[in-house]
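The letters A, B, C, D and E name the chains in turn, as written, and every chain counts its residues from 1.
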Amino acid sequence: MQMNEPDALLRATRRIGPVILDLKNISLSFGGVKALTDISFDVRQHEIRAIIGPNGAGKSSMLNVINGVYRPQQGAIIHKGQQRKGMDCYGAAKSGIARTFQNIALFKGMTVLDNIMTGRNLKMKSNFLMQALYWGPARREEIAHRVKAEEIIDFLEIQAIRKTPVGRLPYGLQKRVELGRALAAEPEILLLDEPMAGMNVEEKQDMCRFILDVNDQFGTTIVLIEHDMGVVMDISDRVVVLDYGKKIGDGTPDEVRSNQDVINAYLGTH
Amino acid sequence: MDTATAAAPPPYLSVNNIEVIYDHVILVLKGVSLQVPQGKIVALLGANGAGKSTTLKTISTLLRGERGDVTKGEVQFKGERVDQLTPNELVKRGLSQVMEGRHCFGHLTIEENLLTGAYTRNLGRAELKESLDKVYHYFPRLKERRASQAGYTSGGEQQMCAIGRALMAKPSMILLDEPSMGIAPQIVDEIFGIVKDLNHKENVSFLLAEQNTNVALRYADFGYILENGRVVMEGEATELANNEDVKEFYLGMSGAGRKSFRDMKFYRRRKRWLA
Amino acid sequence: QTEQFIALPSYRVGPYAAGGSGFYGGIIDYFNLVNANGGINGTKISWEECETEYNPSRGIECYERLKTKNGGATLVEPLSTGIAYGILDRVAKDKVPMTTLGYGRSDAANGKVFPYVFPLITSYWNQAAAMIKYLGDKNGGMAKLKGKKIVHLYHDSAFGKEPLPVLEELAKQHGFELIKIAVAPPGSEQQSQWLQIRQANPDHVILWGWGVMNSVAIKTAQRNGFPREKMLGVWWAGSEEDTIASGDAAKGYTSMTFNTPGNYPLLDELRKKVYAAGKGNLADQSRIGSVYHMRGVTAGILYAEAIRHAQEKFGKGKVMTGDQIRWGLENMDIDEARQKALGALGMFPPVKTTCDDHEGSGAVKVQQWDGKKWVAITPNWVVGDKALTRKLVEESSAKYAAEKGITPACAK
Amino acid sequence: MNISFFFEVLIGGLLSGVMYALVAIGFVLIYKASGVFNFAQGAMVFFAALTCVGLMDKFGFSLWLAIPATVVAMIILGLLIERVVLRPLVNQPEITLFMATIGLAFFIEGLAQLMWGSQVHRLELPIEDVPLQFLLDKFNIIVSQFDVTAAMVCGVMVLVLSLVFSKTKVGRALRAVADDHQAALAVGIPLQRIWGILWAVAGMVALVAGLLWGARNGVQFALTFIALKALPVLILGGFTSVPGAIVGGLIIGASEKLAEVYIGPMVGGGIEGWFPYVLALLFLLVRPEGLFGEKIIRRI
Amino acid sequence: MFYREAGQFKTSYQADGQIFPIRQDRLALGATLIVAVVALPLLASPYMLSAILIPFLIFALAALGLNILTGYAGQLSLGTAAFMAVGAFASYNFILRIPGIPVLLAFVLGGLCAAMVGIAFGLPSLRIRGFYLAASTLATQFFVVWCLTKIGWLTNYSSSGVITAQKMEILGYAFDTPARKYLLVLFVVAIMALLAKNMVRSNVGRSWMAIRDMDVAAEVIGFRPLRTKLMAFAVSSFYCGVAGALYAFAYLGTVEPEAYNLDLSFRILFMIIIGGVGSILGSFLGSAFIVLLPVFLNILAHGLGLPTSVASNLELMVFGALIIFFLIVEPHGLARLWQIGKEKLRLWPFPH
């Protein structure tokens, strides 16, 4: 049951806002390895933007550039109209960018609930002494955030494991918790690095639903890396295609799907 | 659940009614039995947390390192009980595992990673080179990155490295835990192509835990479906692929064929065979 | 309660085990001898050891555990400055006398402030004074020390710094140059210190060391060609354990001691009555009469004598209380005649204690390692400037009394 | 400043540094194989030296008989450690393994003294610890014959071990093990055997260190402390590098002696205890993995 | 069957956020507190109080401090004793130089001094990790002890460097008997344990654990690594400093650098590893284990009538062997063993 085109367009245009993140001529290399060469693309508010490409194309590196883990040797990042200078990942987090990682980067020794609560840390105001006393405002704040965290737990349907240390969880659930942690920050831009790896179709369906819901309900802009073409083509508004660190395609899923370069480099023929 | 028919070849690997407990208290496998006949590809399917990885780790006896205990049952490989062996002895007997979550040696280069895979084989220089070339032939991307430390390669490259490393041991039976994870689609096909290839040409048997049910069932001969630490269904791969329930829950196809991910309106429409 | 119970928080493992096993072995050997001879007027001595590992925290636990055992400990000897400090207040409160033979607080000699602490025979300050006296004599009179260079090579800790006030004062008085060189504990590397010493080319080196530092010092001196005869160790640097490890390098090395090396009738008696009966405490009989062992035997004698003396006042054959033993320790008088009767004439200096003087002697000897054993090289006991040390004791104990709110007075 | 004195200090320091390196190598072996800092190395040095002199003193062995006998003892000890302590702890956090080695240190210390008593022993090697005469005559510089011999022994050891690690597949396997126990097992590296062998080799290295240090300082409990001298050497050179141990040793040895002689007097002396650590720390600020250690990979 | 949470429902997040969510645990804690505050001072022998309970509590506090740094924030440290020494010497000097200062205030100030030293020595942790950091913390250990030996002012120019701790007085009330000292220590330790629990269950604690588990990810989420680590160093050193002051004032009675040697650092480290890294309860269990085990072994060895030198060495061997044994049985320490025990109890009498 493919949604018919006009409908999708209509919805998309209603939703999508101005450019929120503009990446200009980004180049990044590690020693001799050129991870990204002169890449430009933009991300619009409220859109779901996918990045695809073969292994080692530079997708994860791109995300790392966006949220300040790597600093590109060249190029500019314009976030909400302002050029970003010398920003580290803390700064990126502060400006409302959250993300998940390809190799799960959960805090292994902590419970699911605590992991999700860490996502809210930038919103916590009470100081250290108050927290030590666990008194008055600090406690109220803690509980208020707990409520938020529980909302996310409900949303992701992981109630049963909220007190389990994440290290013990199976891979798929860990991915979900990681998404929860990113969501907990209530980010403006959410960067997802292969959120659906290691899931079966049913779980992917659920995951897609989460992503779409977040996008709908909170208006979060989403940048997504995924190798499952079904998912990418179905849920993203626009797709960037990278290969060997270069951009070889950019456009709506349909445009990308019919781009010959992309087919050669990545999609193959089926 | 006795499925062994008289016609079936004797199981190459057989897991008999194993029960596994983590940390002394967390019961994960509740009596899992399965067989892999020689020269066959068997798929192990199931949702997140069903116990696929645990089953594979039990077979390769890597469980001990994670504080898991096999409290019941036994594992036989080539007619020999192997649950008390060390992983090294198993590799020597021809059973290799590709672990979930890549597990490359971060400080070693890709090539060194691959070479460690041949540790048990005591190869001469030429043979080693030949084996390496074979892996590079399968994964040209690895050849490009051979001199980089594995810790600095991309997720997919690491996954290829992990698979290539297991191939270097020239096993007669491979346990593959989610080989397609994080791999670009055309490489996924390639990986399964390799599986098929090895299976055909070198009679290597496979047990693969895979989320990509679609592909897995396409290549496998036989499948088991695991849920909550129990085998809930098993059968010929084609049979499973045509089973309505499997279609709906694992292949994402309802009566009307494939549905767009965008159109899924509800969560958890999951039906369970067991509570 | 029929036995006189004594607490021995000892250490037989760890870096100082060699000293600990010799010292406590000596005490126990002597106690066994006393018991074999029928006890003190019929009262047997009993004791219990408790492993402290030379660690103050464990030492305190040992003391607290032992002090109430078997009707209560009536004497304690920790052989560790750290532990001694840790139980200093406690012994006064519990009325259990503590002896600190040749270590611990030098100012505890003042019994008016420290009624229950007995740094018997001699303290660090008197030792330092005696060292300078000896060096003066060696150079032909104190006046000859003028212009001489003396290196104080010390364990960089409270222990090593303890004699500084005395040495500094004497350096001023006699006009010698005092060069202080610290060795970082434990002292297993001293190359740089000895290079400095070689550079300074001193007339004497005082080795204020402990444990491995001593053997390393001797070895390193050899390596740097510094004559061992010019080295004078403290009594914690003057045992077989310190020289044996240095091998031939130790030949000629001198050190202080308050036990004259040699064989004594008492030691033969120990061999005959204790070791022959299989009750000897030392695993290796060749260690009988070694410095640490003799120091332990000396301690044993002093305890037994104090008990005997106390019994004379408070009732023969009775078990003494801690306080009574304190009296015994405080009014001890072991002269040469008594030593002779014990078969230990000259083994340690005569001891005569009073309330003012819990030390009772302050006399020491100098011994030299001849490659196989220690040989005393001063025929007489050497005593330093006791007036000076007394002054320091008074000052320091007065400060302590003020801090602790103690009114100095002799215990009754 | 007296230049020949300066050189004397420098050379003395370099030679002491070699002695530290001797101990440090033992640590490197174990760290390479398991990613764990082996706290028991000092105890092993003590155990080895004490066993060797114990055999000589108690049973009248000659030195040349006692040494091979001790080698055998160290091999047995190494294999036992692997079997009893390490095997059940595969894939545990580093800190747990570290702690286990601390327990092991206690055990070995107790065992050594139980077997051979707590006395101090002397150990005479047929190498004299006296200044080399021609250097003394010519340059008035003191260099001990013993130290020079020790340096040569150490050099040979470093050479052999580095070759083994860089040229054989065992070397590669070790690095793999240190990265990920579980994966190493999965590819069939016989972790148990490798650990057993490595602990046995570490035991032999401990014997060499124990003999040389024991001859220098006497065989006594304090031998266990020389681990503290080896630590800054290790972090400076890098935990995983055998040549690093020797370079680190030279740097630490020379600079600590120079510091003690030239800075010490200004601040009251006795700075050798902490100076090497502070120096190593400063190095680490520039290179957090030590001079030759493997770069720490931090990537997400 | 009795240890069940069935039927206990939490109706608010506040209730769920309690330290002990299960009623039986709360009852047990209440009972423990009553025993500790009322029964023990009355009934326990002075030996029990002054040689076992007081050091147990003090070491538990130090272990708690180290656990915050190593267990929660993941920075392995071997310099605990140094921070304890700073606390002790600072408290001594505050009492000496500010007449009439309440002793508790002096302890707090001593702790703050330790915290400052902790921050200074924590700075390298931004770059240095793991065993490299652990080895570098030895710099703290040796340097601090060296300073205390060298700088005369700190020891009030005492010739030997050993100083006696002043009396502990609060508003003229002297804490001089074992029972009183015990109560004072108990009070301090209980309060600080509670504060520590609060910290680790709120955002500070989460920031520490995040840094410990994966520092890069923590930064991406918005924790500042340097601040978080330094905070952990500060809080940890504060705890150690107070513990050090108590160790000097309520236990040893003296303040001397030697008492704070490397050995002590290691003992505290054993405590947290045996007890449980990253567990408040574990600090207490570990302290009990390390304080009691040698005593127990010592008594046992004497009971067996072994020659003392044999007994002492056997003691050491058994101690080492037991450490290894416990690590093999449960690498996460006694606290985890306890937890598993409870989980089994919950299931009991059913096997799973």
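Things worth noting here:
Everything below uses one rule, namely that a contact is a pair of C-beta atoms (placed from the backbone, for glycine too) under 8 Å apart; a residue touches a chain by one contact, two chains touch by 3 or more.
Since this is a predicted model, take the numbers as computed values, not measurements.
The chains that touch both subunit A and subunit B are D, E. Centrality annotation: E (chain centre taken as mean Cα position, compared with the mean over all protein Cα atoms). Note: the chain lying farthest from subunit E is B, by mean C-alpha position.
Note: centroid distance subunit B to subunit C, computed from Cα atoms, is 73 Å. Each chain gets a centre from the mean of its Cα atoms; for subunit B and subunit E, those two points are 46 Å apart.
Inter-chain spacing, taken between the CA centroids of subunit B and subunit D, is 44 Å.
Subunit A and subunit E have centres, each the mean of its CA atoms, that are 41 Å apart.
Looking at subunit B, residues 23, 152 sit in touch with two or more other chains.
Within subunit A, the positions touching two or more other chains are listed as 69, 101, 103, 105. Annotation for subunit E: residues 142, 146, 149, 214, 216-217, 220, 309, 313, 315-316, 331 touch two or more other chains. Under the contact rule stated at the top, the pairs of chains that touch are A-B, A-D, A-E, B-D, B-E, C-D, C-E, D-E. Taken in their complex, subunit B has these residues touching subunit E: 21, 23-25, 27, 67. On the subunit C side of its complex with subunit D, the touching residues are 12-18, 20-21, 156, 180-186, 188-189, 191-193, 195-196, 198-199, 211-212, 215-216, 219, 222-225, 240-242, 244-247, 249, 283-284, 287.
Subunit D makes touch with subunit C in their complex at residues 2, 5, 8-9, 12-13, 15-16, 109-110, 113, 117-122, 124, 129-131, 136, 142, 144, 146, 216-222, 224-226, 229, 256-258, 260-261, 264-265, 268-274. If you check the complex, the residues on subunit B that touch subunit D are 60, 62, 64-66, 86-88, 90-92, 96-99, 103-108, 112-113, 115-117, 119-120, 149, 151-152, 165-166, 168-169.
Within the complex, the subunit D residues that touch subunit A are 300.
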